[in-house]
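Same chain, two partners: chain A is paired with chain B first, then with chain C.
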Partner chain A sequence: MEKNKIGLHTFMALPAFALFSVFFIYPLIKGIGMSLTDWDGMSKASFIGLDNFRQFFGDERAINNIRTTVLFALGSAPLLNLVGLIYALLMNSRFKGKGLARMIIYLPAIISPLIMGYIWYLLLQPGRGFIYHFLEQMGKSSWFGNWLGSYGTAMLVLILVNVWQYAGMTMVIYLAGLQAIPEELYEAAKVDGATFPKRLFYITLPMLMPAIRINVVTNIIGSLSVFDIVMSLTSGGPGYATETLSIYIMRMSYGARTGYSTAVAIIMFFIILIPVLVSMWLTRVKSLD
Partner chain B sequence: MNKMLNLMRKFTIIFICLLCMLPFVVLLILSLNTPKRVFYEGNMFIPDFYVMNYVEGWKKSNIGNAMVNSAIITIIALAIIIIISAMAGYTISRFNYKFNKIIFAILLSCMMIPGIINTVPLYTLMIDLNAINTLWGMALVCATNALPQGVFVFSGFIRTIPKEIEESAIIDGCSYFTSFWRIVFPLLKPSISAIVILNGFGIWNNYSQAVFFLQDSRKHNVPQALSVYFQQFAGAKWNLMAATAVIAIIPVIIAFLLFQKNLMKGLTDGALKG
Partner chain C sequence: MKLKKILIALLVGTLLVGMLTSCSKGENNQASSDIGQENQGTKKEEKKETVRLKFFTGKIETIDLMNEIINDFNQSQNRIIVEQEYQKDASNIIKIKFAADQAPDIMTTYEQGFADQGKYLDLSDQSDLWNRLTPAMKEACTDIKTGKQYRIATNMTMAGFFYNKELFNDLGLDVATTWEEFEKNLETIKSERPDITPWFIFGSEAWHLGHLIEFIPHGYIKQTLGAVEAKKAMLDNDHSKLNFGAADGPMAQFAGKMLDLLQKGYINEDVLTATNDNCVQDFVNGRAAMLSNGMWILSSLLEANPEMEDKIGFAPYPSYMPNSSPVVLSAEDSGYSISATTEYKEEAIEFLNFLFSAENQKKYSELSKAPSAFTDVDADWAPENIVNEVSYAVANAVNIGFTNEKPAGFSGDDAGRMVQELLAGKYNAEEFAIAYENAWDSGMN
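Let's look at the complex of A and B:
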C-alpha cells in the first residue's frame, strides 16, 4: 500500500493516544512525584524523599497486606488456569447442550464480584447461612465452622470463590484456543499411536500457548489487584488479616494520606510487574515449523 | 470403556453447571421468602413466593437510579473504546509510521498496569477537570483502562483483513479515512463483540474506581448502591438484600444472553489472533 502520503489516516491513532496520555500516563507520572511527598490531599505538600517507602516497609499491617495479596494470587492464579483448562478440555467436543453448559459456566464471571461476595457471605454466614442449615438438616452441623472468622480459612474461601467465579472466563479463552488447533494434527498423532497424555503434552499445550499466555497474565494481574470480593466477603477482616494492597491504597487515600497511598501504589506496581514479565517470558511463543 | 468415560464426562459437566448455579438458586429462594420466615425452616428449597421483597427493595434502595447510571457509563465508555481503538488499530496495522509504532509500544507496555495503580493521582486530576461525580468522567476513566486491549485486538484483527478490500475504493478516489469507515469498520463485528463482552460487564460492575470517582449517592453505580444498601441492613433483612441483588443481576443476565452467541466467535476471530 502506498505509504507516506499524509492524510487523515496518518493521525488516526492520535485520539487514542491523547485520551491515554491524559487519563493514564499523566497521572502515572504525577503519582511518582506525589509518592515523595507527605500530601494529605488538601494542604500544601512538602517533599519527604523516600520516607513513605520506608514507612511502608516498617508497617506491620502493610507487610501483612503484601503477604495476603501474594498468597491470594499464588493460590488463585494457578488454580484458575488449571480449573479453566480442565473445564475447557471437558467441554471440547460436540455434545447436546454444549452451548447451554458453556453459558452457565461463564455466568458467574459477568456478575459483579462485589455482589458475588455478598451472595457467598449469605451462604457461609455462621449460625444462619445456607450451608449451615443444609448441614444441620443432614445432621452434620458439626462439620460447619466459622470459615470467614480466621485467617487461613478466610483466605481459602476468598481463593475458592474467586476461582469459582472466573473459571468460566478462563475456560472460554482456552476453548477458543483449542478450537484453533487443526484437527489434522490429532489425526496424524492417532495414526502414529500417540496416547492421550502424549497428545496433551506434545500437541495441545504447545499449540495452546497464546491462550495460556493471555490467561496467565490476566489472572496474575486480576488476582494481585483483587478488591471487590474481599470487600464484600471479609472487608479485610478479621482485623486487617485479609486486607489486600488495593484495599489498603483506598483506605489510606480516604484517611487523607494521599502521598503515602501513591507510594503504596508504586510498590504494588512492581509486585505485579515482576511476575507478569516472568510469565510472559516463560510463555513466549517459539516459532513452530 | 469409551462409553464409560463419556458418561463420566457428562456427569462432571452437569455437576460443574449445578455448582455454578447453586448461589443463584439460593439467592432466588431467599428473595422470595417472607420476612417472618426463620431462615430455611421447613423445606428450604421451596420459597413462599413473596414478591413484596422486590417492591420494597426497589423503593428503599437506590438501585433503579444506579442501574441508569451504570448503563450510561457503560454505553459511553464502550462507544469511545470501539471508535477510537478501531481507528488506532487501523492506522497501526496498515501504515508503518514511526509514531504509530511508538504509540503501539506504549499502549502495549501499559496493558499490564491495573487501573488501581494510578487511581489516587487520577483522582486529583479529576478534581481539576471537574469530572468527579460525573458520569462522563467515570466513562472516560473506564474507556482509558480498556484502551490498550482494544487497540491490540483491533490491530490484530485488521491485519487479517486483506488490503485489497480498501484498494479499489482508494482507486475510485476515496481517502483511506473514509474507506476505513465505509469498508473496514463494518467488517470488525467479531472484534467489537469480543470487546463488548470482555469490557462491558467489567465497566458495569466497576467498584474499585467508582469508590473514588462517584462519591455522590445520586451518581452511584450498581455495586455502590448495593454495597450502601447492604451495609445499612448489616445482615438483618436478608430477603430484601437478596431481592435487590436479583434486581441488579437481571439486566446483566439479559445483556449476556443477547451477546453470548457472538462470544466464542469474537474470541476465536478477534482476541486470540492479535
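Let's look at the complex of A and C:
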C-alpha cells in the first residue's frame, strides 16, 4: 500500500520535474559546456578548457564589476531589511490612514524597475530634473549636485532608489511575520515588566526569524543580480563605475564573447550562492536558539 | 477516494502527454501522415512557384516606406513575396539568427566579423548596380581584406558640427578650421551669451562620445594615413602608425583638449547625464549653439522646430593636430547584404534591383534625409540651406569613413564609456591615451 503511494506521488511529480529539466537542468548543463568554449555566438565553438575563467580573474574590469556588485548588495540588502522592518513595525501599530500609508509604501514595488529607473533619471537630472527645479524655487539649487554623473554618488543613488522601490515588498513579508506572533506573548511580557526594546529583541526578532530568512535571502539574490535599475539610471556609468556583473554579462554576450559571458554567469551564480548559503545557515542557527 | 486518485492520475497523465506531444515537433510531423503526404506534392509545386524572401532591418525610420516598396514589388510579379522583419536591436539579433542557422535572405546589418566568416554573398559581379554608384561609395563598400563587395550602400551620411547660424551671425563668428579658432568661437559664445551652452554633448549615451573619438582622433589617423592604409593599420594593430598611447599622439591631444573645454565651461555641465532629447531641445530652442552629430539627427531637429530650417549650419571638425586639416564624415549608409546561405540568390537580387530603382531611391533618400549614393537619383533630401551647408563642408574638408576595422572586443560604445571616465575625472590626457591603447590591444585578443 505504502509502496503504491510512493509510486503515485513520484508519477505526479513528473510534470514539474520535466519542466524543471527543460528550463533549468538542461540550460545549466549546456551553459557549463558553453563556458568551456570560445564560442562567439556565430561560428563553431572550440573547447578551451578553463581559459574563460582564468581570463575573468585577470580582467581588471571584471574584478571591478565584482566589487561594484558586492558594494551594491552590501548597501542595498541590509538597508532594505532595516527599512522594511521599520515600516512593518509602524504598519503593525494602530494609526489613522494606515491602509493608505501601506499602499503608498508598497506601490513602487509593482512598477517595473526599468520604468522606475527612468522616472528617477528624469527627477535627478542636474539642471533639468524636478528635484533641481524644486530646490531652485526654494533658493537652494546649490544643494543639488550631479549625483548620477559622479563617481562618489552614483552608487549611493542606485542603492537608495533600489531600497525605495523594494522596501514595500520586504515590509509585507515582515508584516505577515509580525501578525503571526501571538498577542499573548506581548501581554505576558508586559505583565512581567518587559520594556519595548526587550520585547523587540526577545520576542519580536526571534519570532520573526523565518521572515528575516526569506527577506535576507531574496534581497541578497536581488541585489547581487541587479540589472534594470542600474541600466536605466546610469547604464553602468560614468564609464564603468556602476557596471554590475549582470550588465557585464549582457555586454560581453553581445560583444561576440558568448562563451566567456556564460563563464561569467556561472561565476556570478557562485558569487550569489555563497552569501545565500551563509545567511541561511546563520538564520537557521538563530531560529533553533 | 480511489476514484479521486484515478482521476488525479488521469489528469497528470493527460498533462504530461500533452506537454510531450507539443514539444516533439518532428514526431508530430510524422503523425500527420495521410493528409500531409497528399498536400506535400501541392506544397512543393507552390514552393517552386512562390519564393518567400525574408528582409531583415534595424532601420525604424524606413519601415513604412520599405513596406510600401515591398508591397509594390510583391504586386508587380507573382513569383516572389518579400516579408520585412524589423528588430530594434538588429545588430545583436542578427548574431542569434546566424547562430541558429536562420539567416534572413536580405539584411541591412553588416559587420566585418560576419564578412570574415563568409556570412554574406559576394556581390562583386553586380556590375549594373556598381556602375550606378559613385566611385567613392563603391570603395566604401569594398572589403579591405578580400577586395570584394558584400554589401551595396544606397545612401551617404555626413557628420560634423551642427551650429546655430543666426547666433553665429549675431556674434560675427566664422566657421572654425583650426582648434584655436574653434575654442575662440566657444569663448565668444560663453562670454557674450552666458545662458547658451557653446557645445552641447549628450554624454549619457556612450555611442555619442564614441563618435567623438571616431570623428576626431580616428579622423586624424585616417586623413594622415589615407583611408586604405588606416584600415590596414587598424586591422594589423600597427602601433607605430596608430600611435594611440603616445603623450603627443592623437588620443592624448584629443583628451587634453576635451578636458580643457570642460574646465573652461564651454561644454554643458551635465555632459555625463544629458540625453539626445535634451540636446535636440536645447539646440532648437536656442539654448545650445553647437552639437556634433550626423545627418540622422536632422529629422529630429526639424520636427522639434521646423523654423530652424534656415538657421541650421553645418561645419567640419576643425583640425586639432599640427599639419592636419578639418575633417567631415562622409560615409556609406543603408547597406544591403544577401546571406551566403540563401537558396534564392536570383530572387534576392531581383528585389534589390527593384528597391534600387531611381524612383524608389528618390523616395528613400528624401525620407531618410540622406543623399543618395546612386548617380542617377535626384532627390531633395534636405531643405536647400542644409544641402548647401553640407555640400560646402564636404567640399572643403577631408572626407573620412566609419571605422569598420575596430577590434571585436572594443566597440564604439566601449570607447565612449572611456570618454565618460575621462570627463568624470578618472584620467588625465596621457593616462587616457595609454588606457585607450591598452583597451584597443585587449579588444584584439
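The rule we apply is simple: the second predicted complex is superposed on the first by the 272 of 289 C-alpha atoms of A that agree within 3 Å, B and C clash if a C-alpha of one lies under 4 Å from a C-alpha of the other, contacts with A are read in each partner's own complex, and residues count from 1 in each chain.
Everything that follows uses one rule, which is that a contact is a pair of C-beta atoms (placed from the backbone, for glycine too) under 8 Å apart; a residue touches a chain by one contact, two chains touch by 3 or more.
Since the model is a prediction, treat every value here as computed from it, not as a measurement.
Of the two partner chains, chain B is the only one that A:91 touches; chain C does not reach it. In the superposed model, A:42 makes contact with chain C only, not with chain B.
Once the two complexes are laid over each other on the shared chain, residue contacts for A:8 go to chain B and to chain C alike. Applying the stated contact rule after C-alpha superposition, one finds that A:210 touches chain B and leaves chain C untouched. Of the two partner chains placed by superposition, only chain B is touched by A:30; chain C is not.
Look at A:138: by the touch rule set out above, it reaches neither chain B nor chain C. Once the two complexes are overlaid on the shared chain, A:191 sits clear of chain B and of chain C alike. If you count the residues of chain A touched by chain B and by chain C, you find the higher number for B. Of the two partner chains, chain B and chain C are each touched by A:128.
In the three-chain superposition model, chain A touches both chain B and chain C at residues 8, 11-12, 15, 19, 22, 41, 125, 128.
Within the complex, the chain A residues that touch chain C are 8, 11-12, 14-15, 18-19, 22, 40-43, 121, 125-128, 146, 148-151, 235-241, 254-257. Contact residues on chain B toward chain A in their complex (touch as defined above): 9-10, 12-13, 16-17, 19-21, 23-24, 26-27, 30, 39-40, 44, 80, 84-85, 87-88, 90-92, 94-97, 99-100, 103-104, 106-107, 110, 112-114, 116-125, 140-141, 143-144, 147-148, 151, 163, 167, 175-177, 180, 201, 204-205, 207-208, 211-212, 222-223, 226-227, 230, 235, 238, 241-242, 245, 248-249, 252-253, 256-257, 260, 263-264, 267-268, 271-272.
On chain A, the positions that touch chain B within their shared complex are 1, 3, 7-13, 15-17, 19-20, 22-28, 30-31, 34, 41, 87, 90-91, 95, 101-116, 118-120, 122-123, 125, 128, 130, 133-134, 137, 164, 168, 172-173, 175-177, 179-180, 210-211, 214, 217, 221-222, 224-225, 227-228, 231-232, 246, 249-250, 253, 258, 261-262, 265-266, 268-269, 272-273, 276. Considering their complex, residues 5, 8-9, 12, 15-16, 19-20, 23, 92, 95-96, 98-99, 113-114, 117, 119, 204, 206, 269-274, 278, 408-409, 411, 417-418, 420-421, 423-426 of chain C touch chain A.
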